[in-house]
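The structure that follows is given in the form of structure tokens.
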Amino acid sequence: MSEKVAVYRKENFNAAHRLFNPAWDFATNDKVFGKCNNPNYHGHNYELIVKLTGEIDADTGYVYDLKTLSDIIKENVIEKFDHKNLNEDTAEFKNLIPTAENIAVVIYNTLRAKISVKYTLQVRLYETAKNFVEYPA
Amino acid sequence: MSEKVAVYRKENFNAAHRLFNPAWDFATNDKVFGKCNNPNYHGHNYELIVKLTGEIDADTGYVYDLKTLSDIIKENVIEKFDHKNLNEDTAEFKNLIPTAENIAVVIYNTLRAKISVKYTLQVRLYETAKNFVEYPA
Amino acid sequence: MSEKVAVYRKENFNAAHRLFNPAWDFATNDKVFGKCNNPNYHGHNYELIVKLTGEIDADTGYVYDLKTLSDIIKENVIEKFDHKNLNEDTAEFKNLIPTAENIAVVIYNTLRAKISVKYTLQVRLYETAKNFVEYPA
Amino acid sequence: MSEKVAVYRKENFNAAHRLFNPAWDFATNDKVFGKCNNPNYHGHNYELIVKLTGEIDADTGYVYDLKTLSDIIKENVIEKFDHKNLNEDTAEFKNLIPTAENIAVVIYNTLRAKISVKYTLQVRLYETAKNFVEYPA
Amino acid sequence: MSEKVAVYRKENFNAAHRLFNPAWDFATNDKVFGKCNNPNYHGHNYELIVKLTGEIDADTGYVYDLKTLSDIIKENVIEKFDHKNLNEDTAEFKNLIPTAENIAVVIYNTLRAKISVKYTLQVRLYETAKNFVEYPA
Amino acid sequence: MSEKVAVYRKENFNAAHRLFNPAWDFATNDKVFGKCNNPNYHGHNYELIVKLTGEIDADTGYVYDLKTLSDIIKENVIEKFDHKNLNEDTAEFKNLIPTAENIAVVIYNTLRAKISVKYTLQVRLYETAKNFVEYPA
């Protein structure tokens, strides 16, 4: 049983955001981002799925304790983003547009720094049930 | 077939909001509303289910054309709330706390004015998959 | 424990149908039923939820054996409608428009004849995740 | 706004159980409960939805703080049943068959004792996505 | 941030179809396709998920505007298949059996012709919640 | 059309299990497995998705008949695990901890022996909606 198994953990956070590029005027932002450019923000229930790939530990039968993975996600991602305004309340999106793509990359990089490199990581982020992203692809 | 049938239509909107009572100081709001009191707002993917009850029309087999119901909901509710900040962008919540309960009542009253009283209406609103409300109960 | 408990069983069937009133010309049907009036039919994955209300039997802890309820639904409803053209293949909709409302009433009447009147019945039928009906309301 | 609004909170627990009536021999239990009578138990991911009905508090916009409702459910229901063998580990089902119906009644009675009678309560319990119950009906 | 990100968009269509090979007699078709060979057709709520992989555009934070992707899917796929009889109403399945596999390949080829080759595409198609396909694998 | 298509089939089973390593004392098992180490077992509604990849057969339009795949899964996996205690009732987990990872590997190996090697297989197993695994990764 030396082949790889992937384990997945799902978590949630609810946040406000606004999509706009400060280098552009309002008309350009409006054309590119439409109603997502509302200056007063709108929001989403984000659903986050973290995939971690590795070998099964023969003693535990686990690739990775999903309770531990959940705790790492909660401490490093959910605490930071849940019930927050991504543009206003987080350092990560002061100078980065909080699109689902960028949020997924930020979450991946955050978790990558906390989990041994012997495990492969991938992040899937649902902004809505119809729009979602995955990184790395 | 004179008995009543209920028909349901589901729609969605994504919005930002903040829960706080302007008559209270921040500490009281924080105690009552916790992280929902974030001054910079947070947000949700709201899921709205409208229930309309009436008799089946023998000619159409419909209680009510759900395409028409969908159009009424979109024109009167979704257009007003989708990708908006409920506190800042809507007249309805200038002086009313945008809790799920109050949003459901506002949506019900809005639709009630647009649909013949021969039909009974009820609104269910999901703020998250775990928290939802229904009006009238 | 003499109060009532409701038990629910979910089943599925996939069927084709067309909505049109043979008493009307095509233009009128087109206006009323739109793309649902396609003469070559379209189809749905119908999801059926049957609610049965009664008292808990002290010996079994059941209101009604849900395996038995499932069998009754399968024999009397699913066998008849699954992978069928509701307009062409079923006696029930030879002279009745197969709207979700009418299908729900037909299913209710079918099951009502098979289950003791000491139990209350109600049928919910999802035509899609966004459009569904309930009878009796 | 003196009309009633219902608020709902969803929680989960995972448990093992066995359905059998100790007053019956194995053959009778096998006939009535089939594979649910496995002496070594089987299990489910139970999904619990608690409905609480009351009036909106004008100061908070809440019928009932859903965080408080969640805490009450977790302390009184989830702690007791989650990752437990309902037959072996709980006082409630020492002499009561842990059918979904009986579990729902037990949960209702447990919560009823903890929440002011000015609120109406109802419990929905999913044993699987296809089998679920509601009390009171 | 030169690594690839995948973005996904979900759309729906409802259609009738029949599975049969005109080169075979009815008995052979019946043996191979069972109830899916009903000459009067049956139908499904198809759920389509399109995956597009590319690099994040630094100016927009998008890999690809999902509103644009949605419009392309709607104009080229949903308009053609929604509320249609796949066998009778579409050129694509005049001489091709409308299995989920073949529908997915047809949709992929349709979209591939409309979207720059700098993006990788993949199509997932749910015929029911229990049966679904993906192309290319 | 010589490229590969993946087809998926979803099935379910409900089972009890306990996570513990007999080589360890209770305290160590408790530390590693927490409430999953309950000696009286707990349980889950397992959701199993089997992915099979191959080429479309030009005569049938199928990669693989999903009814056949369903039958193979039911006969070899569901019959063995459904309404069972994985630790007590199955040979596979007499000496193997029934974690989701190990269950997925066992299911994969079981199905691999029943399906032609010209098809690639992969198994996804949901223990809960929040915890799931995939093999091979």
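Think of it as A, B, C, D, E and F in the order they're written, each chain with its own count starting at 1.
Just so it is clear, contacts are C-beta pairs under 8 Å (C-beta built on N, C-alpha and C of every residue); 3 or more make two chains touch, one makes a residue touch a chain.
Computed from a predicted structure; not experimentally measured.
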| item | value |
| --- | --- |
| Any chain that touches subunit E and subunit A | F |
| Chain-contact steps, minimal, separating subunit E from subunit C | 1 |
| Interface composition of copies subunit A and subunit F: same or different, split at half | different |
| Matching chain pair for A-E (criterion: over half of the contact pairs shared, by residue number), options A-F, C-E or D-F | A-F |
| Approximate Å spacing (C-alpha centroids) for the pair subunit C, subunit F | 33 |
| Distance between the centres, which are taken as Cα means, of subunit C and subunit B, whole angstrom | 28 |
| Residues of subunit F engaged with two or more neighbouring chains | 129 |
| Pairwise touch network: line, ring, star, complete, or other | other |
| Chains grouped in pairs wherever the two touch, ordered by label | A-B, A-E, A-F, B-C, B-D, C-D, C-E, D-F, E-F |
| Footprint of subunit A on subunit F - complex, ascending | 19, 21, 23, 32-34, 96-102, 104-105, 129-137 |
| Residues of subunit E defined as touching subunit C within the complex | 12, 14-17, 35-36, 38, 40-45, 82-85, 88-89, 128-129 |
| Sites on subunit E touched by subunit A in the complex | 1, 3-11, 51, 53, 56, 59-63, 65-67, 70, 120 |
